[in-house]
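Chain nomenclature is as follows: A, B, C and D, assigned in order of appearance, with residue numbering initiated at 1 for each chain independently.
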Amino acid sequence: MSTAIQKQSLPDMGSANLAMEYEAVRQQTVALCSQLTAEDMMVQSLPEGSPTKWHLAHTTWFFETFVLREFSGSYHPVHPEFRALFNSYYNSVGVPPAKNLRANFSRPLLTEVFSYREQVDSAIVNLLAKNRNTALAERIILGMHHEQQHQELLLTDIKHALLTNPLRVVYGAGSKAKFAASRSLDWLAHPGGLIEIGYAGDGFCYDNEQSRHSEFLLPFQLADRLVTCREYLEFMQEGGYQRPELWLSAGWDAVCKHGWQAPLYWEMKASGEWAVATLGGIFSLAEPETLAAPVTHISYFEAEAYARWAGKRLPTEAEWEAVAASQPVQGNLLETGNLHPIASAHGNFQFFGDVWEWTNSAYLPYPGYRPAPGAIGEYNGKFMSGQMVLRGGSCATSSSHIRATYRNFFPPETRWQFSGIRLADFI
Amino acid sequence: MSTAIQKQSLPDMGSANLAMEYEAVRQQTVALCSQLTAEDMMVQSLPEGSPTKWHLAHTTWFFETFVLREFSGSYHPVHPEFRALFNSYYNSVGVPPAKNLRANFSRPLLTEVFSYREQVDSAIVNLLAKNRNTALAERIILGMHHEQQHQELLLTDIKHALLTNPLRVVYGAGSKAKFAASRSLDWLAHPGGLIEIGYAGDGFCYDNEQSRHSEFLLPFQLADRLVTCREYLEFMQEGGYQRPELWLSAGWDAVCKHGWQAPLYWEMKASGEWAVATLGGIFSLAEPETLAAPVTHISYFEAEAYARWAGKRLPTEAEWEAVAASQPVQGNLLETGNLHPIASAHGNFQFFGDVWEWTNSAYLPYPGYRPAPGAIGEYNGKFMSGQMVLRGGSCATSSSHIRATYRNFFPPETRWQFSGIRLADFI
Amino acid sequence: MSTAIQKQSLPDMGSANLAMEYEAVRQQTVALCSQLTAEDMMVQSLPEGSPTKWHLAHTTWFFETFVLREFSGSYHPVHPEFRALFNSYYNSVGVPPAKNLRANFSRPLLTEVFSYREQVDSAIVNLLAKNRNTALAERIILGMHHEQQHQELLLTDIKHALLTNPLRVVYGAGSKAKFAASRSLDWLAHPGGLIEIGYAGDGFCYDNEQSRHSEFLLPFQLADRLVTCREYLEFMQEGGYQRPELWLSAGWDAVCKHGWQAPLYWEMKASGEWAVATLGGIFSLAEPETLAAPVTHISYFEAEAYARWAGKRLPTEAEWEAVAASQPVQGNLLETGNLHPIASAHGNFQFFGDVWEWTNSAYLPYPGYRPAPGAIGEYNGKFMSGQMVLRGGSCATSSSHIRATYRNFFPPETRWQFSGIRLADFI
Amino acid sequence: MSTAIQKQSLPDMGSANLAMEYEAVRQQTVALCSQLTAEDMMVQSLPEGSPTKWHLAHTTWFFETFVLREFSGSYHPVHPEFRALFNSYYNSVGVPPAKNLRANFSRPLLTEVFSYREQVDSAIVNLLAKNRNTALAERIILGMHHEQQHQELLLTDIKHALLTNPLRVVYGAGSKAKFAASRSLDWLAHPGGLIEIGYAGDGFCYDNEQSRHSEFLLPFQLADRLVTCREYLEFMQEGGYQRPELWLSAGWDAVCKHGWQAPLYWEMKASGEWAVATLGGIFSLAEPETLAAPVTHISYFEAEAYARWAGKRLPTEAEWEAVAASQPVQGNLLETGNLHPIASAHGNFQFFGDVWEWTNSAYLPYPGYRPAPGAIGEYNGKFMSGQMVLRGGSCATSSSHIRATYRNFFPPETRWQFSGIRLADFI
């Protein structure tokens, strides 16, 4: 985090603007809950997920713990017991509660969590009003990005919660997935050679995006759009889930252990047709619009097996970034309100938004990476084991949160995120 | 269930009275929730427990499924999807949802569950108004007892939910445990010989309480009160949890696996003193009133080990019933509002209420037992494996729900029920 | 064990005879291994089983630990380290090695274990030559019965080991199962009333067979032979393994968890016919001789489900003993060398030998039961939880080891023992 | 595998030489068993290991399956059933037996396995005598390397088996660890820049060592020797195993789950001193010679935590190879007979032998990597998930089996291999 914001950039960002942006990010989280009930916000339907209410509280805890307690001498927490209660995984702050306990936190009540949010927001804004400290601004901006990450988790967690209920609850009318016709796949060639990846701008980045450094690449090409449901269905119809030779050994183990037959949220209807459950309702895969949409909610193992079946491979994160760096950061992101990937239109390469794209790169430190001292240093670095890098953001990612250098990461079995496939090949 | 109510008793119980009693039982369940929030009622903090909201819905489902659908030709369910959703374990009704899914049922909302209760209650009362059928009355009475069982589970489940929250939430002011001084233990002798156990009256009983039959007993004696916290603390102080020779093999395995050091809800304070968390708050075991109360929330294994340490044994269910049959059905039951066991006063033998008493009898069919045909036959019989019998009811049991012949049952590792110890010995 | 041998019987049993009988029992164990290799004797193919070599060593350890170390002041163990190594579950002797470690005991070598046997045998015989102490004789006789129990376990363990090997190894030519035609089932009626069970003779018995005591029984009848493979196959063909309503709840869980479709060692051949693998080879269930043999290697859950399907029930252990007490202790026991159950001939009620018969009685103490002090008290009593009683011995039980009062016990999921079904009913 | 041997090299390696080398490698495996008994060779003491006898059979199966069955039209297997029995993980050959079954393979007997080896060896030598085919030679050489890999696994598996036995069996006098005094650590600097890694010679390599390709490195330095036991002990004494901030999150989870307090095979003696159990016996860590030896049998997580504690990091595999490529392939390898790492002498950088060195590189395909078609393609490629790369070989690696480009890989929790630490740092 030592590199989070370059000093020269701060004079341009006055405290007033920061306070406004802070409040906008915070408000976004609340807005995502507008159609949820207090009961919905209690559900933790998968071990790696969290209840909505917990996300609301924990993001607030982050500002309280790492901003107010560190930068505001006069801050008196209204609920000192929340310091232990809403810690996620910061051992430096104390021993966090077991993750599965989060579903038991009926207290504090949702209304109390909203009050907690307001108390902390008010204290942050007051602090900013009298303080133009660079370190403070950096920390608040980190907290805003932390909150945006949790917005995406909030959405994927509540999606799982509502769809795990046999009643198949629809998240809300706000989800209006527009499906278009598909287009044929083309390739974007890159000559390879010595390129640079990693963040080097003067805005915010996570510590794991640095140091910017050189990588040497062979000539390669990337698909100019994501793999669609139609294409993935072909893989399934050709026995994709029944042929061990298409899979990594650990991937085949996962197929057998979990009984995977299709992406998460796909279901076989009585008619024998597949349908896909989304935040906005259930759509039939007999419809061309649904077939044209990018496949999502698949694990790294499925992405990797699909690529092998297709005679291609997944890109490395360096290859991905080498191409994406020159693309505009726009697409089907959170702001579209679709909350589901949509088909690629002509000229839309889908590098940003729609689905996180599994790369074939393990999540490991860049050369020169050093985590920050103290609790903040636990943010990213300690997870650099057993996870694969995903790039590009999804339909649940804020446009202000994503960039070409952004490194997301999940274990290779993960399916509840908006994750999909872009093919790569050598030339 | 064929024997649930003797025919001669029904003429005395007019439908009007039954309707009134029905409404009283149903209202009792709602009353137990009066200090809980919708969020509290979502929590399922242990795999064998259920959320409060689920209890509210499932008990209603029982009346809808086994009374309205069977006895009322004109009944149209408002929510046909609840038939599958709120099934607990009746395979004859369909494949029930996995038990751990209950914590995901944010929908239906609590308000909808209350509406569901009212719709079903109204239909039941209407049905009773025009129908004096014996079979109907029997089935409704079964449902009322089913509901009373769930009232007790609701309390033990919410106790666990609130106390598992690190905030240690107090259930409510309604809990007013009065602790008295302890009294010395005396023995109630019984000459043994051929006795009869099992239900033979003309009121309600569960199928598992029949047939009434003879058992031959050696002369024995039962303690005239329950084992107290003070006595149990001595067992702990003499290394009770560290000495494998005091335990059944499976019990010692449980001690090691779970790291048991004390009863559930006991906690060591920083001062080195033990305290016990109750529905009404946390009480210190340094206080004589707390020490004098019966020990509770212990497993069969702990009860059995304590008895061995004490040079005694647990009673069989036949011994227990042989003595308890002549005792008045009164004591520290749900109606006292204590919601916690209290010390035995002079002349109070504590056979009914306070805590369920572990017996050394496995839960097995009585001679002549045959479960009823159909789904109702799944109520009791299919659980006759791997469980031990408990007798006498607890501070969470309605007085109209308990009797000397009542056979409760739980696996020997169970601790979240109000369960305790009465010693026995041969003479 | 205080009651193992009645005092008056000992003068009749001179030490010379005891030494001869001791050597015969010990030799029997070695004989059972005659066709096994040192490598076979290393295999531990299921967690609850043990390698043959371990059985050879542990039975010797029993005599060394509980006879020589206690009764022979001059005994110097050649391998003091075996005291810890070959302890099974006697916490009073020390912390036993984890059970799954037994498969790692390549050392001591088999030849060293045989030497160990000889050293201990020699010391026992010498001790007996100069000592006519009652307690000593009792302890040795206990050890002989302990060894006979392990002979049966040795056979069922090695059966599993050899048949788990994909090569399906045949144990030996010693197994010569003679299958006869089946006969129709008849019923043996008993008037019920007050009867006595438990051991009261002047020979050896285990502590768990005492005290002899009264039980009151309703009139009942027992099948006059065991359930055959042919009958069990009908149960399977009528969907026995697919219908949850036939099963105890825990039984159905076991069916689903383990994927049970047939008894252990039954296998579907490519022809669609069932075959059964035995110690003597694989036999087709298309042959009438195989169909007529008693079904074996089934769990309590399967026995109980079969009985429910058949409209009958399993006997209690008191019912079984009430009838079996008057039967001669003879049958298809270890001495026949069949090592597999065979069809019931006319007049052969199969109470002893063939298969252990699951009863519907939990393994619990008889009235007045008190385990012996010290390590020997761990022999039986501490397992009185979670197990069901089996009666009558099997084709792997020595005739000198079985009697009508003998209580064997296993958890209800157990299938690797020679266990089968006798039906019961009320009259 | 397409690149296993360059064509131009084959004329120099006549079939006679190949046959001699083949026999030498095969004989080496047998020699490693010379002090083991048939019983020792049955033990499988950890799920990821295998019995010695299985290694003897499986390596033979490899030659039978991939050489004789493919290249020899006239080959008739003596034991056709071994094709299924000794398959490890080649799904293309059939469904392999569950790995834990290997401990049950008492049959074939060890003597039969040795006969099997001789039959196959004879057939291979005959085949070579009349065939100078390049593809054949390549495949045999692959089998030889496969066998050498299993020699190392055989040693680490039997080490675990013998030391898991409470008797702590010594593998043999062949182990003669010579411990020297330690020397201070120095650094080997590298200027970074564009370097090449991967195999490009004309001898044998595994498919995963190709394609040779460019990597861009920052300036860095590597320690000129391995981390010693003395240094690792300091880490332990400064609370290394108690401080979560030193560990990756998954590493700390492993510490807690397994209760790690020290490297595998370290044990605290009653005196409070540490000792380390080796193939040659138990050595005290109070002795300077033992302290000076490299620490071994540690997981990636421990290596990574140690490096963080030391203020350094682990090298990437590219950094390691960039330096090691110019080092002579010599050191404390299998041929020394030490079978344990020894202290670094002056001028000995320990790049080859002693211990495999954990790198901070995930095991992933090099650019251009394509696995061979068919079963042989399953050799390496399908394991490219969830594993970390280790470099340099160990005291159990043949000198003819190791080279600077060799990529070994194990999951990050692995401890039973000879694995240790070399520190790295940026300059």
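Rule of thumb we're sticking to: a contact is a pair of C-beta atoms (placed from the backbone, for glycine too) under 8 Å apart; a residue touches a chain by one contact, two chains touch by 3 or more.
A quick note: this is a predicted structure, and the numbers were derived from the prediction, not measured.
K.L.:
Kindly list the shared contact partners of subunit A and subunit B, in label order.
P.N.:
none
K.L.:
Compared with subunit A, which chain's mean CA position is the farthest off?
P.N.:
C
K.L.:
With chain centres defined as C-alpha means, what is the inter-centre distance between subunit B and subunit D in Å?
P.N.:
59
K.L.:
If you average the CA atoms of subunit A and of subunit D, how far apart do the two points sit, in angstrom?
P.N.:
Taking the average C-alpha coordinate of subunit A and of subunit D, the gap between them is 38 Å.
K.L.:
Could you put a whole-Å number on the gap between the CA centroids of subunit B and subunit C?
P.N.:
The answer is 38 Å.
K.L.:
What whole-number Å value describes the gap between the mean CA coordinates of subunit C and subunit D?
P.N.:
46
K.L.:
Can you list the subunit A residues in contact with two or more other chains?
P.N.:
none
K.L.:
Along subunit B, where are the residues that touch subunit A in the complex?
P.N.:
Within the complex, subunit B contacts subunit A at residues 37-45, 53, 81, 84-85, 97, 101, 103-110, 161-162, 164-167, 169.
K.L.:
Spell out the residues on subunit B that touch subunit C in their complex, using ranges where they run on.
P.N.:
89, 91-92, 194, 213-218, 244-245, 247-252, 300-301, 304, 360-362, 364-365, 367-368, 378, 382-386, 412, 426
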